[in-house]
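Shared between the two complexes below is chain A, which has chain B as its partner in the first and chain C in the second.
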Partner chain A sequence: MGFEKFLFYVFAFITLWSSGMVVTRRNPVHAVLFLVLAFVTSAALWILLEAEFLGIVLVLVYVGAVMVLFLFVVMMLDVDMAILRANFTHYLPLGTFITVVMATEIFIVVGSENFGLVAFPAPEAVSMAVDNTRELGLSLYTIYIYPVEIASVILLVAIVAAIRLTLRQRPENKYVSPSNQVHVKRFDRVRLVKMASENSNFETPAKDTRLDDGVTK
Partner chain B sequence: MQFDAANLTTILPEITILVTACLVLVVDLYLKEKNKDVNHKLSLFGLVIAVALTGVVGGGERVVFFDGNLVHDRISDLLKGSILIVSLFVFVYARSWLKDRNMLVGEFYVLGLFAVLGMLIMVSANSFLTIYLGLELQALCLYALVAFDRDSKKGAEAAMKYFVLGALGSGMLLYGISMIYGATGTIEFGQVAQAIAEKGLSNQVLVFGIVFLVIGIGFKFGAVPFHMWVPDIYEGAPTPAVLILGSAPKIAAFALAVRMLVDGLQNLHSDWHGMLLILAVLSMGLGNLVAIAQTNIKRMLAYSTISHVGFIFLGLLAGSNQGYASAMFYTIVYALMAAGAFGILLILSRKGFDVENLEDLKGLNDRDSWYAAMMAIVMFSMAGVPPTVGFMAKLLVLEAVIRIDLVWLALVAVIFSIIGAFYYLRVIKLIYFDRPMLNLPELVTTNGVRFAMTINGLALLMLGLFPTALLSLCQAAFV
Partner chain C sequence: MLNSYLPILMFILVGILVGVGPLLIGYLLGPHRPDDDKNAPYECGFEAFETARLKFDVRFYLVAILFIVFDLEIAFLFPWAIVLSDLGIVAFWVMAIFLGILVVGFIYEWKKGALEWE
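Showing the complex of A and B:
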């Protein structure tokens, strides 16, 4: 138990510290990288709670996919942090006051009195034969099949909405349709025009003699 | 677990809407620009079938399906039916506005139908998880619909505000749910109620959770002091989007409140009673007072929404079956009124011109006396003038409050509703006693829109004269 506890405090401290860094860093790229660190350490906390599957998924999905995309967006966008921070000191006193009051209240309620080991005794250790991932999958696709289906519809809506809001034909768009390119015929691009020669006085050059140069002489 | 296919028959309306939305999504790809009306017809067809199926599978005793995630009872039947019918009106009104602005695209119908699907899911949810997912499905569609006019800066700003505040509201709701789960160990409403009954009522964590639940409900309803987003979004969003988000989602928000507070936390009524009381008084007061100062009709209707939410809360906080039934009656009627009011705004708009200000309604009677009459009915009904249904709705809610001996509250409500009558009657004065502006083009509408608006307006009158039909349905839902 002792070593696990030690690990818990290490990871919990890193999570808190990196979360703090996320909101205080001046450089948005640094902030995103600290967020990645926060995610990784929370994944470690979940693994400590024996939720290995969720921990791994957190790293794979959030760190691997979402945060990388996020990093791209942050690098692409030219956000002027000075404007965003303009009123920071102005709102700081009120913000701090509200935060402190709320944090205290939450601490009183969510403290050890209501959520301690007395109210929530630690669950008994399960045998190694129980497969967490399997159990999770079983309950997801049996008991929670209805919510899972709803979640899938939500993802579909997210796709539709994102495409609707961003996909459009801009006049300055240089995009070329590959399908059109492939289906182009010679006749679409080259037109053979028969026309009379423009210069009627043009002297037809003497018989080209280059080829049989040395022969005629 | 054995899967029982009978589970699926209860969600046939939901399945119909889902299939229709997916069908529109695919069919839209193959439609030429001039045939986009097919989307419209398909959506209406799907909604009509869903209404019919709601009637077919409806009725019967309360049954829980899908391992406690879904419930089928009279509340869900009635609310599903009214959501679908209100949405029918919404789609009919929105068509010509979209067509004039080259926005009659499949995505509008897809997002609108998915929003309807989200509402249906919320209405019949039996666990915190399902209700939250339904809420998010509906909200996500509405965010996108508010930003639907991509070239409008105001629309983008409104969507951003809606998105951020909506996410904040959802976050509050989730935090509250996590507290309730922590205290009771379950997310199913029935089991939550059971756990509370067994463990006693004095749990600090539960009350703490309820605070956040009520804040979340307040956000979704747009009740004071969580109302800041309502006027800005009503003003900035394209009118069809406002029509969608101002009408049927109120019914879904009512379901959110009833499912969580009544199905799950009825035993803690004494705790949430006071919170709703504060929200109700503030909403009625601020909504009615600030609406007077508005010159923008969309903003005015936004503040009017806030005041109506106050009245709906009056019925809820009563905590009696009669109170819940009256709140349900009020919500359904309000959704119809909102659909009618925004429908008129859409009818009056034309290519290159949106009705934004109260002045745009001037002399409507000279331009089209039938629409003027319908708008007058809607306004009288919102003000609560007999014999329209708005009067019945207010009367029932007040009765519920008086029955729990809160006569002062009823008096406050009456006073604010008299103050509120001013700005509704001002609209009627503009319609009937002012000259229209010069050189206005003639009002052109299709027969379908005229037919729908006629039904919508006359329904408000008929329900006021013969309220028993709807009222008995509402009362039967809470027995």
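Showing the complex of A and C:
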């Protein structure tokens, strides 16, 4: 138990430190990379809580995919630090107000009297034989079938919305479709013309014998 | 259960050591005499033409978000694959409908040309 506790404190410290770095870094790309570190150490904390499936999905989905999206968004925006910092005092009162309101709301919901071991006693320990992922699957695909299907519809909406919002066809870009290249036939390119041989006794100018549009002149 | 994750912890520690160690040794033992020209950004020996803070094309975002959708779909498949032998045909059809709805989206993005890079 002692080693697990030590690991918990190590990962918890790294999580808190990297979360602090996320909100204090001036360079947004650095902030996103610290957020990745925070997610990885949170996944380690979840695995310490024996929620292994959640921990691995956190790494798979958030670190693997969502943070890539965050990086793209940060790089897509034209982030100019000087402009961002110029209006800092202008936005400070509004920002402070919103922060105070949010902090008060969070404190009312999960304040010290609504939180802690008295309000939420620790769940009874299950035996080591219970497989976390199996239990999740058993409830997900029996009790929660309808929400699972709704999740798939939400993902469908995400696909359609992303395509509608960001897909732009570029007619100015000229490119060859590989499918058309593969399906081309000989008749599309070369036309053979049958004709009787001509009298070659008189002198023919050299330029008239060349092939032009596949037709012999 | 946690014992089975000990090799992964060791792997992480060795990975950090292998990644950070050479950098640290190079930083400590190597000569360190920076000047303005050495620290300046360069493009293959030229003076920098423009700032590196270019706006990315929005098409990268489209590829990333389509990847996330199918990544989440995979996350649903793992617990399903484990319990499929217990739940049998019902779980099979639940996942068939789930995947079927997403295949509609896949056909849509294929037909729209969202997978083409041009």
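Methods note: the second predicted complex is superposed on the first by the 141 of 217 C-alpha atoms of A that agree within 3 Å, B and C clash if a C-alpha of one lies under 4 Å from a C-alpha of the other, contacts with A are read in each partner's own complex, and residues count from 1 in each chain.
Please note the rule applied: a residue touches a chain if its C-beta (ideal position, glycine included) is under 8 Å from a C-beta of that chain, and two chains touch if they have at least 3 such contacts.
Everything quoted here is computed from the prediction, not taken from an experiment.
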{"item": "Contacts of A:Phe115 with chain B and chain C, given as first, second, both or neither", "value": "first"}
{"item": "Which of chain B and chain C A:Glu4 touches, first, second, both or neither", "value": "second"}
{"item": "Chain B versus chain C as contact partner of A:Ile143, first or second or both or neither", "value": "first"}
{"item": "Which of chain B and chain C A:Leu77 touches, first, second, both or neither", "value": "second"}
{"item": "Partner chain(s) touched by A:Leu48 [first = chain B, second = chain C, both, neither]", "value": "second"}
{"item": "Of chain B and chain C, the chain that contacts the larger number of chain A residues", "value": "C"}
{"item": "Contacts of A:Glu198 with chain B and chain C, given as first, second, both or neither", "value": "neither"}
{"item": "Touched partner set for A:Val66, first chain B, second chain C, both or neither", "value": "second"}
{"item": "First (chain B), second (chain C), both or neither touched by A:Glu124", "value": "neither"}
{"item": "Chain B versus chain C as contact partner of A:Ala158, first or second or both or neither", "value": "both"}
{"item": "Overlap of chain C and chain B interfaces on chain A (superposed complexes)", "value": "142, 145, 151, 153, 156, 158, 160, 163, 168"}
{"item": "Complex contact set, residues of chain A against chain B", "value": "109-110, 114-115, 142-147, 150-151, 153-154, 156-158, 160-161, 163-165, 168"}
{"item": "Contact footprint of chain A on chain B as seen in their complex", "value": "1, 3, 18, 25, 66-67, 69-70, 105, 107, 110-111, 114, 117, 121, 127, 129-130, 133-134, 136-137, 140-141, 143-144, 147-148, 150, 179, 182-183, 203-205, 208"}
{"item": "Chain C - residues contacting chain A, complex", "value": "1-2, 5, 9, 53, 55-62, 64-69, 71-76, 78-80, 82-83, 86-87, 90-91, 94-95, 97-99, 101-102, 104-106, 108-109, 112-114, 118"}
{"item": "Parts of chain A lying in touch with chain C, wherever the complex brings them together", "value": "4, 7, 47-48, 50, 52-53, 57, 60-61, 64-66, 68-69, 72-73, 75-80, 128, 131, 133-134, 136-138, 140-142, 145, 148-149, 151-153, 155-156, 158-160, 162-163, 166-170, 173, 175"}
